[in-house]
Each structure stands twice: as C-alpha cells, then as structure tokens.
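Same chain, two partners: subunit A is paired with subunit B first, then with subunit C.
Our next item is the complex of A and B:
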C-alpha cells in the first residue's frame, strides 16, 4: 500500500516536472535570448549577459544594430488602438449582448450564426478581401482601418461574453426590483449592471488583449504604415533575435496579468461559449 | 458585422472565380492546383496530427485533474492555463528561439546526451510546427474538457464504483460519453483554429516548401497583389474546415436555441 502511494506520488512529481519544463522551456529560451549579448555556438548558455537590448528597446540607449528601434512609439500606438477599440466594441457589445440574452429579437438566429462563423472558419480570407475593399475606399494602411479590423476581431468575443454574463443573471431579480417600483432603466443600472460587472470587465479586458496582440488583420490592413507592437516583433525577428525576444516578453506580460485577473471569473463555459 | 464580415466572406468565394482581367474563369483554381496542392496537403496533415495529439494529451490531463485531488494536482491546475492567453506572435517567437538548431531544446538535449550537438534536430518543419500548436492548444482544450468533466456529478461515479465498476469502466462508460459534447467542441475549435493560424507557420517555416495555406495567401497578396489565387486558397482552407464548421455551427445553434429566453 505504502509502496503504491510512493509510486503514485513519484509519478505525479514526474508529471509536474514535465509540464513545468514543457511550459517554461520556451519561455526561458525567450528570456535567455533577451539578455544574451554574446552567445556563440555551441556554448550552452550565453557567454555574456546584460540588459543592453532591454535598454535599447525602451529607448534608454541608442543603438546602431539592424532591427533595433525604440519600441516606445509602437507601444503607445498599440495601447491607444486597444483603448479606442475597447470603448467602441463595448459600446456595441453591451447592448447587443443584453438584447441577445434577454429579448427575442428579429433575426436573432442569423445574428448568432454570424457571430459564430469566425470561430468556425479561418479569418484570413476575410482580411484579404477587407484589404481589397479598404484599398478602394482609402482605409488600407490607415489607423481607422486597423481599428475597424480590431473591432471586428474583438467584438465576437465581446458579444459572446456579455451575452453569457447577462444570461446568467436570473431574470426574477430584475423583476423583483420592477415590482417594488423601480423603472426599467433604474432596475438595469442598479441590479443588472452591478451583477454583470465582473463578466463585463472580463469581456472588456478580453477585447483589450485581443487588440493588443492582433497580428494577422494588422498585417494585411496596416502594412506598411501602422507599426503596432506585434508588427515590430515580427519585423525584427528576422535579423535581431534579442530584440524580438524583448518585445515578445513585453507582449507576454499583459497576457499573464490578464490570466491572473480573470482566473476567478474564467469559467470553461465562457471560453466554451465564446471560443 | 454584415458589411465587415459577411460581405468579405461571400466575396472570397466569388472573387476566386475572377481572373486578372476581371473575367469569369477557373484559371485561379488551375493555378492553385498546380502550385499549392502540396501545401494544402501539408496544412491538412499538420492540422490532423496536432489536433489528435492535443486531444489525447488534453483528455488524459483532464482525467488526471478530475480524479486526483492532491497538492501536486492543485499546482498543475494553476500552472497549465498559462499558455491560453499567450498570443500566437509571442508563441511563434518563443518557438523560433526554442526549436532553432542552436536553440535551447537542442542544447538541453545535447547536454543530457540524447543528441549530438553537431547534428542538431532540424525542427523548422512539420514537427516543430506541430509542437507549437500542441503547446498552445492543449491548455485550452484541457480547460474546456476539464470543465465538462467537472459538471458530471460525483454521485454518478460513486454509484458506478460501488456497483463494482473499475476506474477504466467509469472513464469509458460515464466520464467520456457524458462529456462528449465538450470534448467535441474543444476538438473542433482546435482543428479550425490551427487551419486558420497564420503567425506561427509564417515565422517558423515562412516560404520554405512545403508550407501552410495561410503563408501562401500572404505571399500571393503581398508579392503579387493576386487576390484571385489568394481567394482560391481561402476557399481551399474553408473546404478543409467544412465538416468541423458544420458540426460546430449546428451544435452551437442548438445549444443557443435551448437557452433562448421565453417571451415576457
């Protein structure tokens, strides 16, 4: 019995170690590259480490190396795009999600279908045709064009999470408020909104992260003028591994923070419903 | 949504029949067939392989997490979700450094004597790409499948156990059949996401032959401004996901219809 227990625990430890190595191996590799100043093959670890590339990326130190530009402008560009996208997308997603969850609206099935399609089919052909259309109307390679694409990509998740959130709130709560004399608007803002707040926040953060990390749409619509953070990462990965790794880590941080933030509200149903 | 999504979607079909002079033609299909058939097959095989590996690993991990309550399993619950929100660009850069001939994986394997460092594993191909996909997709699948397992009440399992069913029987007769829908949803989403992923193959394999459909589309658009062939390739990628898309849309619409609010 006790031998069996020891074997089980040993097995579990090996599993833990394996999962740990597989998950953190690639991340470690990213980190080592970001601090590698001199790394000649076949040395296992870099011969010289330091934060030079970090300083260059953050614009604290000038560099003449190829592919090394300050990423500060790209960072602020990505940030402002993401903020605008969240505001517009949530202004649409909250009423849309509420309507889909609580009312029978005409063409509801069609709307649902439309919002499910991006999960079922590859999105790249959409971007290709948007590029064609945007080129005709003069939106290709412009900031509004990129923002529109980000809204398109983020909205799908936004609407799914908000409608799932509103659906999870029992209707009798709002009805109870109405029956003691609260108006429709008052009931919505005093009862439904506070209850829905965590879900709505999760949805907003999700849209934010989606916009921050968006690559494919920006690649087609934004090139060559709109250099968001992921685009900078891509263009430097060709010739400057260290630099690209620094940007990758900077992009990694919001994702992990987000993970920690919505850990509590993250339920499989959300991801299942939206993903 | 109609303008931004449905119209481009439909026009990816119609445009695939339009030639370079604006005429109606099948020449895009002939060209795609000649140039890119190999890449369509490559995309399909990478997708099927990665999805199968992901499914097997995810079901096993979810089973472990469902049955075992220990300090270690709780640590794993905290750990495994990490890759879910890491964007594909970052995953691509990670794999770029990790899987390179002089990358950390090869150095580590050489260090423990599994390979000779003068002949490193060449991984910017089918295997590396699949590794990247599995790395990113297993956590997502475990989240959905484990969620499905959690919804099965313990009393079913206890009842079966006390009636003499072995653990294997509980798994094959209760756990898996009862969470079939969440397993299928996970699989379908993983499959169609892999077919449509552009970043990882673009940064890992790029223009090498064979590569994926998504990379070919980007090349067609960026180097040749050839929307006809790009859209034809898009139609091919739609065809690859046709079965899973129909399954997903049907089951989701059914699920939504069940949750439909009644008129008040």
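Our next item is the complex of A and C:
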C-alpha cells in the first residue's frame, strides 16, 4: 500500500470519527451523566459510577438522598396519551388528507394553513389563550384537555404527510380498480390503502413522537395535575443532571424504535412498490 | 357484442365545452379511433364513456342499456390507461384476478381465464412477476390482459402506446390490432398519432374542439379529408392558398396566390372561392428525363428547387421550393438529387384535395 493510499484512508477514518463524535458525542454525555454518582471538575470522567438514579427513576429504590422520583407513572401516562392521540389524529387525518389530495376542495390551501398554524406561530400566546378557553369549559388541567392540545400540535404532521402520500398515488390506480368492478370503498381499501400504508405509518409515528415530546401545551393546559414525562424532565433537570439524563434516554427509546420501523417499512414497501 | 352509442353528449368545464354535442355510434366488434390534437376532447369523451366524467347532458348506451347514470364499476367496460395503471403491490396474477374475484368465480375458473388471457398477450408464465419487474411493453400487455380477462362489453384504450419507445410502439400497433380482432370487442381507441390510428382502426373519428369533424374508414379520411384541419392532421401536408378559376373535365382549377395554376378535386366549389390546395409528399412525382417531361405535358407540371435532401434509410426526404411554398416529397435512394438542383415535378390531380379556406 502506497503512502498516499494510507494517508487517504487515515483521513477518511479521522473524518468518520469526527462525524461520529458530532452525532453521538452529546448522546454519549447523556449516558455518562445517567450513571454518574459524583462528577466534579477537573475530572474527565465521573469519580463514582452507579445505577442509583436509574433504579430510583424506574421505581426500584426509594432514597430521599439523591432527590429523584419514580418516573414510571409519568412514562405510562405519556405513552397512553400518545397512543390515544395517534388514534384520534389519524382518524381525522386519513379522510382529511385523502380529501385534500384527491378532490378539488374550496380553500384547500387555507385549510392546510390552518393545520399548520399552531406550529407556525409562537406557541405560548396560543396556549395562553387556549388555557383561558379551556378553563371556562372545564378542560384545563384534565386529561382530555391535554389530549386535545397534543392532537392540535400533531395534526400538522398527520394531515400534511397523509395528503402528500395520497397525492403520490396515481389516480388511475383507483380508476382501474373501479373499471374491473370494485366500488369506491373497495377500491380505496384494496388499492389505495395498501399503497399508502407506509406513508400513513410514517405520519402516525410523527404524531406519536410529537405527543410524547410535547411540552409547551402540556405545560399550560396540563400542569399541575397532568404530569407527563417531559414535565417531569423539566422539573428535575435544573438541579439534577443525572436524573434528567435518565429521563432523556428513556424518552429517546420509543423515538428510535419507531424511526427504525419507518426506515424498514419505507425501504421495503414504498420505494419498491412505487417502482 | 353490443354496440356503443353516444347521443348528444355535452361536457363543459366552466366556459369550455370539452365535449360539444357529440353523437357517435361504435358498431359491434368495431375498433373506432378518436383522433385529434391534445385538448380536442377525445380523452374527456373516453372518460365520459367509462363513467369517470359526469355529463352535462346527453345519453350513452351499450346496446339498449342506458348507462348514463351507472357508476363505472357496473358499466362492464374494460379500460387500458396510458400509464398502464397496474397495481404495484400485486403480482401479474393478482392484477388479473382482482376483477374475477369480485365476480365471485371459482378459483379454478379464475386460473384458467388468467392463463388464457396471458397467452393471448404472449405473457404466459409471467404470473408471479410484479409490475416493476416488467418492461413498459410487457406492462402494457398485462394492462390489456387485465381488461380482456373480464370479457367486457366495451373496451376503451387511452393512448396505450404513447409511453413506449418508437420501435416498440410500431410493433405493438399490430399486436393490439390482432388481439382486438381475436377478441372481437367493440372498442374505442384514443390517440393523437395519425399513423397509429391508420394502422389500428376500422374507422377513425377526427376530433377538434369537442366535436367530430370527420368520421370514416382510414383510407377515406386520408384520401378525401373534409377540411383543412383534417388534411393538416393526417400526414405531412403543405397548403397553398388560392382562388378557384374554373373547372376543367370534372376538375377544379385553382389560381394560387403565387401565380401557379393547379388542378385537383374538390366538392361544392365555384369560381372565385377561396381555397387551399393540400399537397402531400406522395402526390409528387419527379420527372427526371426530358422524355418524361414531354410525355407528361404541361398540366400540373411545375419547376421546383430542392432546398433540402435528407437520407432517411428506405428513401430520401426532400424539401422543395415551389414558388415560395415549401413542399415535402419522397424520392428513391438510387439517384438522389442534390440540394440546389432545379427539377420538374408532376402533381397527380386525382389525389389532390382542394379544400375551402
């Protein structure tokens, strides 16, 4: 191997390492913090390592000394909210996305814009206003109130991605199904739905992750009675880096799992199927 | 096989009349082509027959059955689309089986029918392939088989060959014509390609601005176009403008603006009428020897200059300047004329259409 070749390979390796560090560096620090019992300047690595914070967070140990609380109830609350939000949001998003993609709807652009609104403007003023309204109708501080807020925030992904998915499916495919004797409904469920499935799944995953991570709306509408995982993370992160890291990692798990799932489905079905 | 009748069909989009009071009968087992430029209403007509476009007025019949208000899935019409529209998540077998399963036919029957119709389009053994594993031509044949396997009353083909490359397109023309003859299904074929229409059709309906401007057998339409539009659309045609100066032995004599006197055939024309002489490459004969020129006489014999000569394989494609009008002509490859040459040409009056301007 010539010197030039060695230099090139070495350069590539260094570049790869740098990229790796940029992407995974901050995450590594999360992992280290989550197991650090004592970590003071100027030490590069923690002086004392242990799983006390993990045990405490997972409710396996109860010690008042390290100040962390069990996050198990918050985790299951967040998960339940996210599942309910996905179900309701997709029930609305699939027909809405289909209609926006396939039919000439008056003010279609405006409707799309309305779905985008909660994400296009600073969220605080919107939720402060929403809090006033929700307080009046008795939704503030309740589970349904928080679910509604999550649907509002997640809907943009629901409708935008589903309508883009349906738009990508040539209309002739459904017409061909009808020409061989399938009614509108059957053509939709046998032809359009299977082809749209990967896109619909992707949009559901985005709604799910949005709900799982939602902070601002839950903060205004839910607190102090509805304590989701991001709320718990926020209230503890200021003083307790270890505990915050544990929660952050736990929040990361469903996201990574779902991303992996989308990747698989998108590659196998969507790209292949659409030819 | 039943016939298909369109009775005063109108479809408007806003102010635009896409199909304008169109009446048409497609006879039993006939293949009729709707031919016209894009935007002439041919595709809208086809979509009206298939049921995807609701009419403003008019009626459509299959045999005696009024299908005007029947949804597409209950019309019994087979469709072949320009972009094939095969279902990408199903194999060839599943694509063909879908409609048969909806009819609740027994499995064995379905299998037999699919085998038979794949054999018809020369794709036996391709049952388990996915559409993406097939070439464009093969996909279009599957699309054809999918429509034929249901034995529909009517078959509609919407520019089925325009996504294929030129060589394959030419080959598929004959195949479609043959398959149609074999299946004997009353069919409408939409295209903007006049050669395709000539090869494939029993009859051609030339459309323009939502109306049928001429309908008839391919030879009839080609040799006796009813208007300048039809003449311009069928083949390579040069128009020379002029005025009728008189008639001589059942022929119309035209004095062109460029000062030529040309004889041809035309209907319902009188002296003084403004006309266009429609000259096609095959109307032009080269007179290469003095003997030829003497023999032919002066009638319809002109001097023209070769402005371009392109060798295209089986013949030479010429562009000729005839007193300022550029004509196209075809010549033999044996003794090609070079550019700039002046040559005597004879235009056969029997084949020359004189049309009202």
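By our rule, the second predicted complex is superposed on the first by the 240 of 275 C-alpha atoms of A that agree within 3 Å, B and C clash if a C-alpha of one lies under 4 Å from a C-alpha of the other, contacts with A are read in each partner's own complex, and residues count from 1 in each chain.
Please note the rule applied: contacts are C-beta pairs under 8 Å (C-beta built on N, C-alpha and C of every residue); 3 or more make two chains touch, one makes a residue touch a chain.
Keep in mind that this is a model prediction, so the values were computed, not measured.
Of the two partner chains, neither subunit B nor subunit C is touched by A:185.
Of the two partner chains, subunit C is the only one that A:194 touches; subunit B does not reach it. Counted by residues of subunit A touched, the larger count belongs to B, out of subunit B and subunit C. By the touch criterion defined above, A:20 lies against subunit B but remains apart from subunit C after alignment on the C-alpha atoms of chain A. Looking at the shared chain after the overlay, A:176 reaches subunit C, while subunit B stays out of its contact range.
Using the contact criterion defined above for the overlaid structures, shared-chain residue A:2 touches neither subunit B nor subunit C, since it reaches no partner. Once both structures are placed on chain A, subunit A residues 269, 272, 275 are touched by subunit B and, in the other complex, by subunit C. Subunit A meets subunit C in the complex at residues 170, 172-173, 175-184, 186-187, 190-191, 194-195, 269, 272-275. Of all the residues in subunit B, the ones that touch subunit A in their complex are 1-2, 4-9, 11-12, 15, 64, 68, 70, 72-73, 75-76, 79-98, 102-105, 107-108, 110-111, 117-118, 135, 140, 143-144, 146-148, 150, 182, 185, 188-189, 192, 195-196, 198-199, 203, 214, 217-218, 221-222, 227, 230-231, 233-235, 237-238, 241, 244-245, 248-249, 252-253, 256-257, 259-261, 263-264.
Put simply, subunit A touches subunit B in their complex at residues 9, 12-13, 15-16, 19-20, 22-23, 25-30, 32-33, 41-42, 44, 101-104, 108-109, 111-133, 148, 152, 155, 167, 171, 209, 213, 215-216, 219-220, 223, 230, 233-234, 237, 241, 244-245, 247-248, 251-252, 255-256, 258-259, 263, 266-269, 271-272, 275. The residues of subunit C lying in touch with subunit A in their complex are 50-52, 71-74, 77-79, 81, 83, 85-89, 98-99, 102-103, 131-132, 143, 146-147, 150.
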